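Two complexes are shown next, each including chain A; its partner changes from chain B in the first to chain C in the second.
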Partner chain A sequence: MLSAIISRECLSNILNLRFIVGLVLCVIISVACVMILTHDYQQEMADYNLRVNLQDEFLSKYAHRNRIGGMITSQKPPERFRPLIIGIPREANLGSFDDNPLPVLFPPLDFLFIVTIIMSLLAMLFSYDAITGERQRGTLRLVISNSIPRAKILLAKFIGGTASLLIPFILSLLAGALYISINPAIQWDGSAWAEFSLLIAASVTFISLFYLLGLMVSTFSRYSSTSILTCLFLWVLLILVIPNMCPFISAQLYRIPSINKIERQVEHLLDTERDELGRKFSREVLKKFATQYGVIYSEFESLEFGGLWGRCSPENRKATQQRAAADPEFKAMVDAFREQINQAWTKANRIQREKAEKISHDRDTKVAAQNKIAKNLTCISPCANFIYVATDLTGTGLRSFDYFDWLDGEYGKMFWPYLQRKVQDAMKKDPTFETNSFLDISDRPRFVFKEEPLRDKLDAVLPYWGILVLFNVVFFVAAFAGFMRYDVR
Partner chain B sequence: MLKSIIRKEILNNLFSYKFSIIIILSTILILVSIFVMYRDYCLALENYGILQPKSNEAIAIVPPTPLSIFAKGLDKNLCRSYEIGFAGQIKVGSKQESVNNLFRLFTTPDLLYIVKVILALCAMLFAFDMVSGEKEVGTLRQSLSNSVKRPILMVGKWIGGFISFVVPFFIAVLLSTILVTMSPLVQMDGENWAKLGMFLLSSVLYLAVFFSLGLLISCLTHQSSSSLVISLFLWAMLVFFIPNLGNIMARQLVEIPTVQQLEVKRSQIWIKEVFERINRGKNVREVVGSINSENDKLIADYRNRFDRLVSVSQNITRFSPAAAFTCLATDLMGTGISEERRLKTAVLQYKNLVWNLEGDLPAFAFHRSSIKEVLGFGGLANLMILILFNMLFFVSAYAAFLQYDVR
Partner chain C sequence: MLGILIKKEITETMLDLRFWVVTALFLILIPLGMYVSRKDYERRLANYQQEQQMYRQHYGKDVGPYVEAQGFRPPSLLSIFALGLDPFMPDKAITSRSGLVRAAKEPGIDNPESLLFGKADYLFNVSFIVSLAALIFTFNRISGEREKGTLRLMISGSIRRGEILLAKIVGNYLVLLVPFVIAFLAALIILNASSVISVWSSGLWPALLVIIIVTLLLILVMVSLGICVSTLTYGSIASIMMLFLVWIIAVLGIPKISPMIAEAVYPIESRKVVDLAARIAREDIEGEFNKKKEELFEKCCTEFGTTWEDIAVEPRTDAEKQAYAKYDREVLALDSECQKRVADAIRKLEQDYRNRRNVQASLAVNLSRISPVSCCTYLVSGLCGTGPDEPDRFIWNAERYQEQVKAAIYDNWVVKTYRMGEPLPNIRVRQTEGFDQSKASVPEMKYEYTPIAEVLRAGWVDILLLFVFNILFFAVAFWRFNNYDVR
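== the complex of A and B ==
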């Protein structure tokens, strides 16, 4: 009997106008989205390759030791799921003069739009009259008059309704997947397809949740016209209002001091204040040397410290070198002076860095707290939970930033010791090698972007996925309770 | 006769469940949104106070506009500080939200968003069963069996329905605007009030487009359930699909480098010139001049391409009233893409003025566009698009209703 009700439910949905409209829309939007986003992905990939080549070419010409750090910037390739999900648009938020603000005004359209807006709306349109419609037509009374338990009817309605609802979704996904698999520009490996399958599973959890919500509302309403309005009211709240409001509410519940002000403070600490402190420590060194070395110090001072402290003319620099070569005592003083001045600046750098790190750490703690409040608040909405699951699972969400930073850090652990070794080798080979000399680093380790392991991604998304499942259970139980007491007359 | 139809329509709506639920939803949303955005404006104002440059600092910064409470648009981008470096490089300060990535994932829930997305949906929900619903319950047949003419019935339905929808919206906006403007932090001058008035007028025009579209669908269908399905999907297409996909499409039609690529090029210009100075003995002035002119070339090329991208994007998205309304509303409130382009041009001019000066520097001055400038710079075209959409949908609904089978 269960299968008979399921197939009846499926058939009646499939023959309905909403099914045809939903199917046509889903297929058109999915195919248009995938085609346009794939082209966008190809452009991004070309841009990424160009950036890497630019960097390589530049390093082969201008890699002077002191500035290599500024030239080694890890470039992030476009995410492999870009043909489906854009996630966080980067172009608008890079803090550059040339930020592209268009995505702020018109958020990009992707697979998430199809699931969160189109499919959730379609799910509610399929279920809002599942009970009320049948009551109004009088068929519910006929069905109940048979020996079928109400629980079975509800379950069959849920299974049949969700199955018919998933037909347009799966068909549109298949069209998208086919386009991706035949496009030579997109090379998805096994893990990408596994993520894609999980994404479909998460989407099904989300879509069934909205079907159940519609079903629940239907079991608590007498008329379809009331039921649809309540459904749309809830839909607007859960999809359009709560996720967008919560970050702003959290920013007011937990305030972070002006980011610009903190940035300036840090900059001041590491720049002006560091210089003042460095000069102060250096002057102490000067005072100490004046009492320790007396006459030869005065001579050294008259030679403008050979360029080791303050400004110095090329003549005095040369004269200092000659004097040091001729007099071992003078040379010992110059070496000790260089050492102590270096130590003074290292100390100043360390002190200021510690102060700056404390401020930055304090800011990061506050930011993390605000983020946590916002994320917890948005979890009231299934839409936000689904967005977290979908974007984090496909490496296009909030976690992808942290993961990239971690990868970049790991690369740094490989690159900096390599650079140190290279500098030491160069100094051994050429004694005149200094901070502005060219260093050949063509054999350097290259930054390679590796996808985060699927297990780690799953660990991160499971709590949000769990909330989606919980929503499903709550709505089903509520629908069940409502239907048990439903007056079918 | 027209009067009694309007009256009947208003009364009918006032006592309906639909009216109560839509009015409760929109009133709460408008009040919450304006309050939340007001607090956000206060934070931005506080930030602006902290970042005020000293007389010897070459920093361009503009205060947030109180109109951003209603349409945030790009105000966060506009109110960043632009610090001019000694080689003419422009360092952009971080947005307050830049540290919290969650803001990037969701949309700003300002009044513009509520009107554009939620109230547009409500307008369609008000109108979707105006004809097909009456046909189903049989009252349409009865109305037409009297001496009432179809054009009068149609016009009466439109006026009555739209008034009952739009008046509560006006009351909610008015109430929250009064509450917000009572705060001493919100300083609205005459121009700002005029801009707000224009924004509300364009909102009404925009909502009328969706109301007329709902009515048109109602006149083309015979069952309100079909009318609802078609209405919802057309709403999704017009509000989300066309504007958002059009924007990505424009990027594929205009060749433009990414911001990351520009950043790489910019840092290379700097390092290359420093290298030239150290190893080839270029003097400092020469190096600084080269960095400035190379960066200028890069920016000029990018800005040309970006301007083309904006115009292509606007031309594609104009098929949707939502895009035309977004552009018009944000431009009117001084938080739109045109304002952003104007500000960047002003910052570049300021940079050319001060980059090689020392001591006390001239302060950066920037005034947001007046209504006249906004209308001249594409605003009028967007307004005309909204009027055209209105006419198109209303005339089509009218024509469809004249041929409507009421049996």
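== the complex of A and C ==
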């Protein structure tokens, strides 16, 4: 009997205008989206390769010691799921404001839009009159009068309705997946296809949730017009209002110092305060050397310390070099002086960096707390949960920023010691090597972007997926409760 | 008769559940959105004031020859209504002695979650919620009456179809305005409660008035569209499906897909690539000229019996003074040619990029104007100083600031570079006569947003299109209703 009711539900939905509209909309928009986003992906990949090449070219010609830090920025390739999900632009906070501004005003269409807006609306339009429509037509009391358990009817409506709803969705996804698989510019490996399958599973959970919501509203309404209005009201709240408002509300509930203020504090610590501390330590070194070396120190001082501390004229710098070459004792003092001044500045840098890191760490902790509040608030909306699942699974969400920063940090642990060694080697070969000198770093370690392991992503998304499943259960139980008491006359 | 029909429509609509649902939605969303936007603006304004104060405190007196003066962009007061491009716009302009000003944005975002979900401002509420509400109000006004059987009774009473249609549009429009106006007034009260914003200020009122007019025009367009949808179908189910299709396409689909189509049809490289290319071009040209200047200096030194390694920074002998004097005379031409070539190379790259970007943006904008929501978005965001033209406006402000700093600081220093890099740099800097470094300070950037008149001049197409959409939807509805089977 269950299968009979399910097939009846499927058939009546498929023969309805709704199905045709949904099918046409899904297939056209999905295929158009995938084609356009794939094209964008190819453009972004070409852009990324160009940036990497230009960076290499710049470093091969202008890798002066004081410029390397500014040029060694790790470049992130476009996400492999970019043909499906746009996500957040990496440079959202760096103001590539001179690019086309329209995608900022109207966030583009992608897979997330298709699922969260189109499919959710379609699901509600399929289900809002599942009970009320049958009651108004008079068929519901005929079905009930045949001693079919209400639970079975409800379950059959849910399965049949969701199955017919998923037909256009799966068809459009298959078309999109086919386009991606035959495109030579997109190379998806096993893990990418596994993520894609999980994405489809999450989408099915989300779509069935909204079908159940419509079904639930239908069991609490007498008329289809009331049901559709309630459904649309809830849809606006859950899809448009709650996700958009919650981040701003959480910012008001849990205030944190602005990132600008913290940046200024850190800048002050690492700049002005650091300089003052460095000068203080350096003066201690000067006092110590004055006591220790006496006359030759005075000579060194009259030569403006050869430029190793404070300003120095070119003549004095040259004279220092000549004196060091002629007098081994003088040279030993200069070398010791250089080392101790470097140590003084290293110590000043370390102390100030620790202070700056503490402030940044405090802020990061507060930001994490605020983000947690925002996430917890937005979890009221199934849309937000699905977006977290989809974006974190595909590496296109906020989590991917943290992962990229971590990868960048790991690369830094390889690169900066390498640079330090290179500078020391260069200074050994040429004592006059200084900040404006060119450094050949063509053999440097290169940044290679690796995708986050699927296991880690799954660990992160399971709680939100669990909430979606919970919503499904709650709506079904509520629909069951509503239908058990429903007056079918 | 028209008056009676309008009254009937008003009464019927106000007794409908839809009216109360929409009223509840408006009364919750519009004031709440305004509150959230107001708080966000206050935070941005406080950040701006803090930044400026800290800068002036620490660097306000730094008027050296190589100073990179910073001019800060204040948040637009009207960005409370439409956040638009504001989160992505640069926070400051940084000048340089070379004449090229650059834009900079503070790193990090205070609220990254908002990037995942979007905005909650007035423009969002109007584009999505109010437009949907207008369609919900009206989608079955014709088809629903036909199903109930009242439509044929009206027609049989010799009432003109045109009058019925007009009454439906006017009646539903007036009813929809009631919750909107109440919610909007509540929002203005919330706005005025802020200590930093006055709704009555002259900076706010004129633009606010135009925004209200544009919104009312959009609501009328959506009501006409809803009635038009209703005349295209014979039943409520079909009407609701058609409504769904129309809303998705008009409000969500067309505005979003237009930039994507424009990017696919006319792709351009990103800003970052252009910046990198400009940097390399500059380094190449400056490297070439630095070499020429060093050769010139060597030649001048040799001519007067000295060498460039031995010559002092401050000339002591007559020969050294003559060498410097000759170099000073001849290097001017090289300096000016170098600056010209750098400026030309960068300007060419920038101009090429901007031209292509403008073509792409123009294509996207024109495609998206098929949707009335796009027209409203361009107008409102333009009036709020957060529209698509603001990046160019920022550049105009930044260039003006560069000129200001050049006149106040850079032109008061004379910098001569005799030798760069190895073995030792030889650069002389002196102040011009009459310039007192101790009394000078870094000028402030007086940022000007696009004036309303200019926005309206640029946006006349959008205003015209909103009127055209009204007429078009009414015309289609009229034509369709005249052939409508009322049985």
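Here, the second predicted complex is superposed on the first by the 427 of 489 C-alpha atoms of A that agree within 3 Å, B and C clash if a C-alpha of one lies under 4 Å from a C-alpha of the other, contacts with A are read in each partner's own complex, and residues count from 1 in each chain.
We take it that a contact is a pair of C-beta atoms (placed from the backbone, for glycine too) under 8 Å apart; a residue touches a chain by one contact, two chains touch by 3 or more.
Treat the numbers as computed from the prediction; the structure is a model and nothing was measured.
Partners chain B and chain C, brought together by superposition on chain A, clash. By the document's definition of touching, both partners, chain B and chain C, reach A:L232. Of the two partner chains placed around the shared chain by superposition, neither chain B nor chain C is touched by A:K331. Shared-chain residue A:L54: touches chain B and chain C both. In the superposed model, A:I117 lies in contact with both chain B and chain C. In the superposed model, A:R323 lies in contact with neither chain B nor chain C. In the superposition on chain A, contact of A:R8 is made with neither chain B nor chain C.
Once both structures are placed on chain A, chain A residues 17-18, 21, 25, 29, 32-33, 36-37, 39-40, 43, 47, 50-51, 54-55, 58, 62, 88, 91-109, 113, 117-118, 121, 125, 129, 224-226, 228-230, 232-233, 236, 240-241, 243-252, 256, 258-261, 263, 371, 374-375, 378, 384, 387, 391, 397-398, 401, 436 are touched by chain B and, in the other complex, by chain C.
Residues of chain A that touch chain C in their complex: 17-18, 21, 25, 29, 32-33, 35-37, 39-40, 43, 47, 50-51, 54-55, 57-58, 61-62, 88, 91-109, 113, 117-118, 121-122, 125, 129, 224-226, 228-230, 232-233, 236, 240-241, 243-252, 256, 258-261, 263-264, 268, 272, 313-315, 317-318, 371, 374-375, 378, 384, 387-388, 391, 397-398, 401, 432, 436-437. For chain C in complex with chain A, the residues that touch the partner chain are 17-18, 21, 24-25, 28-29, 32-33, 36, 39-40, 43, 46-47, 50-51, 54, 58, 84-85, 87-91, 103-120, 124, 128-129, 132, 136, 236-238, 240-241, 244-245, 248, 252-253, 255-264, 267-273, 276-277, 279-280, 283-284, 312-313, 353-354, 357, 360-361, 364-365, 368, 374, 377, 381, 387-388, 390-391, 394-395, 421-426.
Considering their complex, residues 17-18, 21-22, 25, 29, 32-33, 36-37, 39-40, 43, 46-47, 50-51, 73-74, 77, 80-82, 90, 92-109, 113, 117-118, 121, 125, 129, 224-226, 228-230, 232-233, 236-237, 240-241, 243-252, 257-265, 267-268, 270-272, 274-275, 278-279, 299, 302, 306, 309-310, 313, 317, 323, 326-327, 330, 336-337, 340, 344, 347 of chain B touch chain A.
Considering their complex, residues 17-18, 21-22, 25, 29, 32-33, 36-37, 39-40, 43-44, 47, 50-51, 54-55, 58, 62, 64, 67, 70-71, 73, 75, 87-109, 113, 117-118, 121, 125, 129, 224-226, 228-230, 232-233, 236-237, 240-241, 243-252, 255-256, 258-261, 263, 363, 367, 370-371, 374-375, 378, 384, 387, 391, 397-398, 401, 436 of chain A touch chain B.
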